Structure formats: C-alpha cells, structure tokens
Amino acid sequence: METLTQIRVRYVETDAMGIVHHASYVAWLELGRTELLRGSGQSYREWEQAGVHLTVGEVHLKYRAPAYFDDLVDVHTRVTEAGRRRVGFAYRIERDGVLLAEASTVHLVTGANGRARVLPDEFLDLLKG
Amino acid sequence: METLTQIRVRYVETDAMGIVHHASYVAWLELGRTELLRGSGQSYREWEQAGVHLTVGEVHLKYRAPAYFDDLVDVHTRVTEAGRRRVGFAYRIERDGVLLAEASTVHLVTGANGRARVLPDEFLDLLKG
Amino acid sequence: METLTQIRVRYVETDAMGIVHHASYVAWLELGRTELLRGSGQSYREWEQAGVHLTVGEVHLKYRAPAYFDDLVDVHTRVTEAGRRRVGFAYRIERDGVLLAEASTVHLVTGANGRARVLPDEFLDLLKG
Amino acid sequence: METLTQIRVRYVETDAMGIVHHASYVAWLELGRTELLRGSGQSYREWEQAGVHLTVGEVHLKYRAPAYFDDLVDVHTRVTEAGRRRVGFAYRIERDGVLLAEASTVHLVTGANGRARVLPDEFLDLLKG
C-alpha cells in the first residue's frame, strides 16, 4: 500500500536560507501517513477515537535537494512494518519527479495515556492492505 | 505587574524574507504571559492542574520593525484586564530598546473542556498583583 | 474578489488542550491570501520574483469556536484595501458552515529588502479584480 | 566539546496527545548546536556573515519518554564529526536527568546559495575545540 499526498509549501515553512526549513518536513511525513491511513479505510482520528495511538518512536530524514515556497511537493508514503506493537512507514518526498528527501518513522502502539498496548486485528488488517 | 521575558530567536522562526516570520511572535506572546503568571505566584501549569484555562479569544499584533535570527528580544508583558470571565494582556516586543511589535490578547476563563467558568478568587488576586 | 481555500488540520497544529493552537490560524490566513493572489492571475511567488512583497504589518484574530485535528476548514479570503502602499485582507474560517474565527491583516508594499515601495499598477489592477 | 542548553517547553510545542509534538524536538536540536557554536567562539550568525552555512543533510531522532508543557529540558550537544565538507552533532535531551530523546544530525558545508564549499580552517579549528 502506497499513498501519494500533495502539499503546497507554506511561506511559514521557509527559513532565512530562502528554502524550506528542515523541521517542516516532519509535519509533511505526518500528513503522508494520515492520508495513507485514511485511504486504508479508517482515518487516524477514528484510530484515536478507538483508543489506538501511533506514538512516534523514531524519525529519520535525509535531505537531497531544497524545496521552496509555493512548491507542490509529492509525499509518497508506504507501510514498512505492521506489527502488534510497532508500525513503520517510509517516505519519498519529490517535486516534479526530483527527489527532495527520504525518510522513515517508527511508531509504538499505545493508548491515549501513552502506555503500550496491542494493535487490534481490525487495524492490523488495514495496515497490511 | 509587568514581566520581562528574554527570547533568543530560533532559525526555524525565520522565513525566506530573511526575517522572523510574523506567526513566530504569537508563540513569544504566549511565553510572555507564561512567565508573567509564574512570577505572580502560580505557573500556568498549576492553573491547568487546578482546572482553570485561559483560552485565547483574540490576538492583535502590530509589527514595527523586523527581528532576525539570533536576536535577543525582550517581551514586556502586563495584565490589562482581570475579570472573572475575561483576562487581557498587552505586550511590547523590543530589541535593545527598539520597538519591534506591540500586541494584545484577550482570554476566556474556561475549564479543560473549553466551557466557560468563573475564575477562582485565588487566581484573580494573583492577576491583580 | 473572494477565494475559498480548504485546509486539512495537521496533528502538529493541535495543542495540549486537544484543539488547534491559536498560532496555527496565522499560517492558514497566509494560505488564504496566497490562494487569493494565485486566483487573481499572479501567484505570490511571481510577486516576489518581480520584487514586490506584502510585508505583514498587522494581524487581528478573533476565535469563535475550536477546530480539531483532521477537520477540513474553509478559509474565505477577500481584499479589503488595495492601495499603492497598503493592502488589506479579511478572512472567515469555517467548518461545515460554522464560524471558527474571523481575522484581518494589513500589509505594507515593500521590496525584498523590506523598504517601502509603490505597488505597480499591474498588481494593483489584479487586486481590484 | 559539549554544551548544555536549557529550554522551557512552550505550549505551542505540545499536541493533542497532551505531550510535546515530535517535530518540536528538531527546533531544540537547532538551539543546541547554535549554543555550541556560540560557546566555541563564533556564533552561527557570524558563520553566516562569513558565507559559511551548515545545511542540514540528515536528522535522526529516537524518542524515549514524553516531555510536557513548561518542562525545563536539557539539550546536551557535542560535535561528532568535523570535516572540511561535513560536520556532525549528537544530542541527548533530558529532564532532571531522565533521557527524553537521543538524536544526531549531519550537515553539509555550503555557501549562502546552498552550493558545497570547503570549511575555512578558522571554523574547523573552533569545532575541534
């Protein structure tokens, strides 16, 4: 399962170098996996309403080329790990087919209180597509 | 009661104009009133633990001169209104005595659920200094 | 001239109250006027490439009802003032027709260096629709 | 060379989980290395004025325990690589001695235009302490 999310770069996401600040990409990854989950059949809002949270455990980002204000960037998101306790995603961020950044995130399955819990089969099946 | 809060400008707070983005100031106002409350005797964390929230109802900002990365800016914060249902603050943001921005915010007294409540006397007295 | 911009609320835009943080709206206003300018015939990127910047002079926001993660909010943006030295916009932010916030911004026409300049007729005409 | 930077957690840095959003840490890393450079003898603002930029190439973050609004967090920053073309930093983020996150970043030495350049000896010596 891979999802494409298009994001218009905001002015607030740029910095004094004239390019997108590296922290802005972290929010884009979040958007990418939010849209992947929506596409899988249950939005992340519905996950949370069911008491299932994907708490971020790791973020890895490699920047390949700068992005600029008003660019339309493509976030390609896919599931790399779908376990009862851990879920992983990988991302490619591109503009017009040019790679801007590669990333991965690892998430722990928790309740609203942040404590580890087991991912219900219903959600696991959605991730496995 | 007036409080001075010093803030070191972060690179992430700048934008492609080479100056601090106008949205960054909103977070500085928040820091200003957080430190004012701490100085008054009860931190805002303690307000929240007591079930008292100052939900933001209005923000007004006038920008007078740009701020830059690594500037050390002074946020002067004071209480302009201390009522049982509404609280107001005014702010002057300066760098080396030069005015960068003026601002004011209005807050509604609410519980954690966002519903209006009455400000307990204990907190009202702190605001009135 | 009025433009409608739809924005999906990001998780990063929420805060510990469980609602969208008040500073997040400032970025939404920026998106609203960016899309208004694009619709008028010249994107703001093109404005900047022509050496014309709309430096933010004032921001006023009144919050009417909270927004939440994953909401699809509508930003209605219109021009309220189109002068050679000053430009103004007004905004209504809604979700399913419910008013969440009202706002206005005032901008000074400047060059890339932040110094005041006169808005070229070509851009003035676009703003006047 | 290791530098300790203390940061007061801002409300805007939290999210609807009630904890600090994972993207907020990226800005803290930036503050950590900014203060490390200042302590080394030349602030990053001075680096930029000399035409030397440390463009972010990689960010790696592992989250160990949540941070909360108003926490006073310690960012311990050290240089892990000081080359003519690449510079690396490692970070430990703690609260009262409890590890909240570990991180590393890799930077490319560039000019203001983002093109690779060689790090002048004067700056290299500062990094090597």
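Chains here go by letter, A, B, C and D, matching the order in which they are written, and residues are numbered from 1 within each.
Assume a contact is a pair of C-beta atoms (placed from the backbone, for glycine too) under 8 Å apart; a residue touches a chain by one contact, two chains touch by 3 or more.
Every value quoted in this text rests on a predicted model; they were computed, and no experiment measured them.
Q: Among the chains here, which has the CA centroid at the largest distance from chain A's centroid?
A: Farthest chain from chain A, going by C-alpha centroids: B.
Q: Check A-B against A-C and say which one is joined by more contacting C-beta pairs.
A: A-C
Q: Rounded to the nearest whole Å, what is the centre-to-centre distance of chain A and chain C, using the mean of the C-alpha atoms as each centre?
A: Here chain A and chain C have centroids separated by 27 Å.
Q: Can you work out the whole-Å distance between the CA centroids of chain B and chain C?
A: Comparing mean C-alpha positions, chain C is 23 Å from chain B.
Q: What's the distance between the Cα centroids of chain A and chain B, rounded to whole Å?
A: Taking the average C-alpha coordinate of chain A and of chain B, the gap between them is 32 Å.
Q: Residues of chain C that contact two or more other chains, please.
A: Only 11-12, 19, 23, 26-27, 30, 69 qualify.
Q: Taking the touch rule as given, give the residues of chain A at its contact with chain C in the complex, in rising order.
A: Touch list, chain A to chain C: 8, 10-12, 26-27, 30-31, 34, 43-45, 48, 69-70.
Q: Under the stated contact criterion, what part of chain D meets chain C in this complex?
A: Listed in rising order, the residues are 11-12, 14-16, 18-19, 21, 23, 68-69.
Q: Touching residues of chain C toward chain B in the complex: what are they?
A: Those residues of chain C that touch chain B are 17, 19, 22-23, 26-27, 30, 53, 55-63, 66, 112, 114.
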